[in-house]
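You will see chain A twice below: alongside chain B first, and alongside chain C after that.
Here is the complex of A and B:
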């Protein structure tokens, strides 16, 4: 059996709870036939509005619960499961509240912000389903910083190899440096390139052979070593970029999810205020 | 020739160290190779990279087909003459050309800082470049910005009177569009539901039923307000409530709400009792009308006329101008708006066929369609006129009678008249009209032998044709004009008696009209036929001007405040519920 996740927590208990609650609410909605048509101002409308508000406040409370490390009554996994499934259910509760009437106004703005929050959350869930396996730092690999240090030290090795001022032997031939110039690169970290997965490829065999054949005999061995180092550097850079990409996707949705949820709270407050102000 | 190679190094602590190498040759080799005069390192430098040629007045640099080339003032060159102050770049080295006391030289500036930069800081910088967090503001900043935008545009702005539309919870009904942006017109008080006073400022309504105001007063918790039924901000859907249950919630149980009144319980259109017609009662009865169900056995049209629909609808009847086949609307003429049927009028609907000529010796002469006294006095006057004319007392007047087609010019009949015979003629003709011919044909006539002079000796019962049989409902004939009259008023062609009431019952309506959502039927609510309360014309002093309705368009609170400060703009007594 698959490992229990926050989605499948206790055999999807929160999914089923939300599903049946939604089902019941839909049935009540369909049976309800209020004077003047279904809208947020009927008894069912007010009730569903209250339920949706309570739901939103519960979802916001997750931010507090998450940091309550000594809370023992509930598990964070259970709360996260409720957070996700209730959030998804709210997508449907609000139209039932408003009688499916939407417009260009602060009321619909609150719904749009809620949808943005929820869908960014769903996006986050999807990222969490896939990407953790790609974050090497969580799977025994180095962190970005370690990778950067490795790139830097291997670059230093390469530089040392090219340098002739070590006192040992003659300076490297121009052909050796030309080969280095062709196959090496100065790594400029770029998030944009990482997100587009523009990772350096390993050196092609043909250019390897061409370069080696241009070297004087006495430098052939160093040339082979250099190619080894260059390939290692390319691999390290690729890994760093992959790490940056995974880390970005697994976290960036939160930068939509959290601020928009606060915007939603503001819009929700204005919505409730305005409908009762102009009752 | 002398040449100076000066190296200036800036230490970490900022102090400078200068080293000088003096060369005394005219060709100076720069490169990585051991034979170089100025030894440069780095992967961008060739073994033999460039050569300086030092002259007394000139200094020239030449690229020796190097790996990465030579740049002078950022221009890639092969061979060029240098001047004081020129900047020469080879690989990672930068030289500035100097000429002091007539001696050429180059100055190389090095910075230990640059070379031995904190590796830690470099790596941190690189990690930062790969972290998206360094490109966007923090959670807190984003949250605060977004919340402020929402509050600013959708709370502060509407409160100050702009962007008030963003609070509109739904489309306003078409009739109220001109006050759409002036919330205060209806929402006069914050956090209070729209009060009737705001509705009654423009609208005046009749009561629905005499019992309703009492009911409202007795049960204030019912919270009957205009807006309980008239829902705004739902487009045109809610403003005129058509829900059956709005009526049915009282009318479905009127027997318990108003016990003893005998008002029928009507929970739905389907359960509607058979229609009841208002039958006029004889003069002196307790009520002028009595409601009788269409399926009652004692149902009868009390109209005092001898009308036979069957005969009237037979083809080829003798009309004034030849044969006619009558249609319903020949007598039952629709009103101009096609909604209703005009009252039956003798001159318009009967006289074409039913002539009131009274004396065959006087063709074309008709008595007026009036009361018996009018008829008798007319007859007397006509015969007296003839008598007088015969006597020659009165000049013969030029004939103003219309010549009837097909008849010869009327001329005075050859009758011997005398004073005594005028009265006799008048009475004889009267008797003929009222007991045998014209009047008798349609009307119920009573003989009153002791009539005085100048009075008819007959009385005609007023026909009293009811104009509206079902005054509590509205029926639009025009809306049904594609359907033949007889498809609802069935058995008209079989009706021989005036007492036959030829009105359609509810089963007839059920053919097309059903409650909502029955396939193939017209959705019909109570208000399809009944109106809850008829709008009344507003009293003149309560009316407002268009200016006053529109002047506060953009406003919200200031608007409603200024409006309530104009005391007279609130109609008197508008605070109370409709009475």
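Here is the complex of A and C:
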């Protein structure tokens, strides 16, 4: 299948556009020799400040464009490509704008917030690349919900095995119940579990053999079946956790990327307001 | 002595009501016999369902009131008409009709008997629901329909049956009730794939309990006894819904001596201009003769009584005929007669049939040089030349044309194969042409054998000419057509297998086939597919070699086949054609030598072919390597389509990185279009299949679609409803639930919103050819 991503959109057209624009801006910056030294108040400084502000507004507009479903001229993929590459370019535009002068003030605060937004964005890009491979349930045409239902039904099967063969056979031996206690676990999804990089591991061969050999002969077959079910459960829980983890991180990322970007807008407004009225 | 009536009306549907009320108004002695409820089909509708009054243009002529309204309003109107006109209504089931002299003896299951001079049969096509046939089947909690699933809550319900309606009922009830499904067999072979998957999932998850190979043994209040492979089982139940199919009325109808034109289950008995069947004094109206709409049936009921009385009656559809023919110079009725005489194809149609045909057609007056349709258009209408002539461009050379004069027809390829137009057609002079909807002609083909034969004959001839023998002598082709035979294949059937002795050449008329060869390990590897219009197995006609590949139908296929001996025999007698054909076959053989596929692309090809993709015109495809599951596609679809997404991203099947989500494929042979009473489904010239505003929400298309992409939905109110936050729901939307599915965003110039709104470009809408390119050659795409 074709693998053109939003990064490589149309042979990296947005990357190259941004690259050459930055190159041009750097050349102009180097050639420029204003009175009073390079800073945000020169013609080049104001121009670059304007460009950066326009860039930031364009990036913010993505949230609106994403929901403009009737939009006809562009695709969201193309806009996302521009969003990412222009965002990265802004890292370099702002120092050119300020003449590399930074301090502990509201102006630099705006830059720092912008960097935070952009770096969180880059983190998001990395996640967008990995996510398709982590949303495993999707590959079977299912959902996380279906996966969790499978876990539930397999747990029910396990419990049925423990409960004396559906009421027909004799109650299970203590050894059988002990084995169950040792190897089974209750899976309660939680935020913490979703974030922790730890999945249930397959049962070790050794403990399998130990448990099996402790069973009375007539329960050996059921014991084998139980181990099969328990292993299946571990595998499914592992997959579910993997996916839940991926989805949780996306959510966390959104909760970071968006508020920081709004903080940036506020700081930017203060920055512009203060330079025009108090500088 | 049995009571005698002038007219006995069997069946109290709209047609029967139209007849009985008119008979009552005329003061004729009559009886209206109904085995179930008055207007039973409508009675069985879901509660408060809106009943539409299609076709809108057709005036109503009857003593029965009928206009668009809720089920309850319509039924109340019918009831009132019965009371006010003094219809002699009788609840009984007729099981035997015999002729005695010039009267009929009508026998009922309850032993009642009548005699009647005329019988009006308005029993529709639904048949009688199959009953349980066990003790207790008549208890009040045993039902054969489910009008309102919401009316059941916290009950123990048994649903009997394994078809789509049983499954849909069981699933609809399972949310609030404890449902057991009773399946006579061990599987669900009759159900649609989507329904089968849903019910199996519900059974697996314990939502629905299923008894396989089981039947009800007897019913008692509050419980039922089932015979299962494990012996008799007692199940608690407050309600039983039997959806075990129905016994079609055909046998009953044939028992009266009425003939059907063919064994085709879709065929209708033919009637004359007065709706009289081949049995004198038995008249048939409504759905049973192919008029499924309520208004049509009511009108026919009215008219049939006038005919019986010998009164002249102008057909109700006169306004429609005037609309269609009005722009021609001269008198409308004279023009209608003129057209009827010219079109030999329709010479055996009854007057009402012909009028309906014209009413559903468009009459075009075209000037010399006007294009009627272009090659590769997706239109599927059928054309007749009334006066003048048209030229059909030959595919290989646009300067060559063959001329069709008055009485000829064209456009039959689209009719049968569902494929794009194979040639451009132009008017050669000022001509009058009639364009008819595909469904109308298909309906005629199944009920009038002469139409089917004539269309088939010409279709075969032209198929042979365009697909294999463009330069062949016409006499040779005509002979070949005589010897060619139809062969139909079900999905998965092999036309022939690698290593077989070659016997036939196949021309694919409809559907598509997969070509596969065994690799060194003896595993069948898919190589490619061929769509309708192509031919396979041509080597068999000239060589003695065994078959070099296996050819399998990937969707139901219709083919035309020619036996080797016939073909050779004909070639012997036509040396010139022989030379052309041999060269052509040699060229094909060279073309056929292609490199073998690698295993991965062959598997992918196998997957999409087995999903019927080759029969689609435009498939929605998700590249799972790019999809991040953000659902922006569904949001885009909902936002651009009245708040309801027509694609289910999480549904459908997937293989490796390809997912085919549930969304319309705009099939070449759209099954959804087959049985739409108001003809609301339409195929546009670009190939998309859309549902028009005149949908009546009957749900036939939903049932017929094998891919489960159509749903009945209410339009959602626009904008955000603040009250809903406080638990106040808006009043239930007025209007019927209507069928909704993907329309390829035909109203947006830029194409499908889902594809354009995917941030990672994981979604593609592609035609099968592009899809094969993607899968086989692994080409990069940059769509959007």
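Quick note on the criterion: the second predicted complex is superposed on the first by the 262 of 279 C-alpha atoms of A that agree within 3 Å, B and C clash if a C-alpha of one lies under 4 Å from a C-alpha of the other, contacts with A are read in each partner's own complex, and residues count from 1 in each chain.
Please note the rule applied: a residue touches a chain if its C-beta (ideal position, glycine included) is under 8 Å from a C-beta of that chain, and two chains touch if they have at least 3 such contacts.
Model, not experiment: these values are computed from the prediction.
K.L.:
For the combined arrangement obtained by superposing on chain A, do chain B and chain C clash, or do they fit?
P.N.:
Fit: chain B and chain C sit side by side once superposed on chain A.
K.L.:
Determine, under the contact definition given at the top, whether A:236 touches first (chain B), second (chain C), both, or neither.
P.N.:
neither
K.L.:
Quick one: is A:10 in contact with chain B, with chain C, with both, or with neither? Answer first, second, both or neither.
P.N.:
The second partner, chain C, only.
K.L.:
Please work out whether A:149 is in contact with chain B alone, chain C alone, both, or neither, and reply first, second, both or neither.
P.N.:
both
K.L.:
Who contacts more of chain A, chain B or chain C?
P.N.:
B
K.L.:
Given the overlay on chain A, how many degrees, to the nearest 10, lie between chain B and chain C at the CA centre of chain A?
P.N.:
140
K.L.:
Considering only the touch criterion stated at the top, classify A:270 as touching first (chain B), second (chain C), both, or neither.
P.N.:
First partner only.
K.L.:
Touching A:132, do we find chain B (first), chain C (second), both, or neither?
P.N.:
second
K.L.:
For A:69, using the defined touch cut-off, is the partner it touches chain B, chain C, both, or neither? Pick first, second, both or neither.
P.N.:
A:69 contacts chain C only, not chain B.
K.L.:
Should A:260 be classified as contacting the first partner (chain B), the second (chain C), both, or neither?
P.N.:
first
K.L.:
Which partner does A:77 reach: the first (chain B), the second (chain C), both, or neither?
P.N.:
second
K.L.:
Across all Cα pairs of chain B and chain C, what is the smallest distance in the superposition, given in whole Å?
P.N.:
Comparing every C-alpha of chain B with every C-alpha of chain C, the smallest gap is 11 Å.
K.L.:
Could you give the residue numbers on chain A that contact chain B in one complex and chain C in the other?
P.N.:
Common to the two interfaces on chain A: residues 149, 247.
K.L.:
Where on chain A does chain C make contact in their complex?
P.N.:
Residue positions touching the partner: 1-6, 9-10, 66-67, 69-78, 80, 128, 131-133, 135, 138-143, 149, 153, 247, 250.
K.L.:
Where on chain C is chain A touching in the complex?
P.N.:
The contact residues of chain C facing chain A are 204-206, 623-629, 632, 635-636, 639-640, 650-654, 657-659, 748-750, 753, 755-762, 774-775, 778-782, 784.
K.L.:
In their shared complex, at which residues does chain A touch chain B?
P.N.:
Counting only chain A, the residues touching chain B are 33, 35-37, 39-41, 101, 103-107, 109, 113, 144-145, 148-149, 152, 159, 162-165, 170-171, 173-174, 177-178, 180-181, 189-191, 194, 240-241, 243-244, 247-248, 251-252, 254-255, 258-260, 262-263, 265-267, 269-270, 273-279.
K.L.:
Quick check on the complex: what are the chain B residues that touch chain A?
P.N.:
Its residues touching chain A are 32-34, 41-47, 67-68, 119, 122-124, 126-127, 129-133, 135-136, 139, 142-147, 149-151, 154-155, 158, 165-171, 183, 187, 190-194, 228-231, 233-234, 237-238, 241, 243, 245-246.
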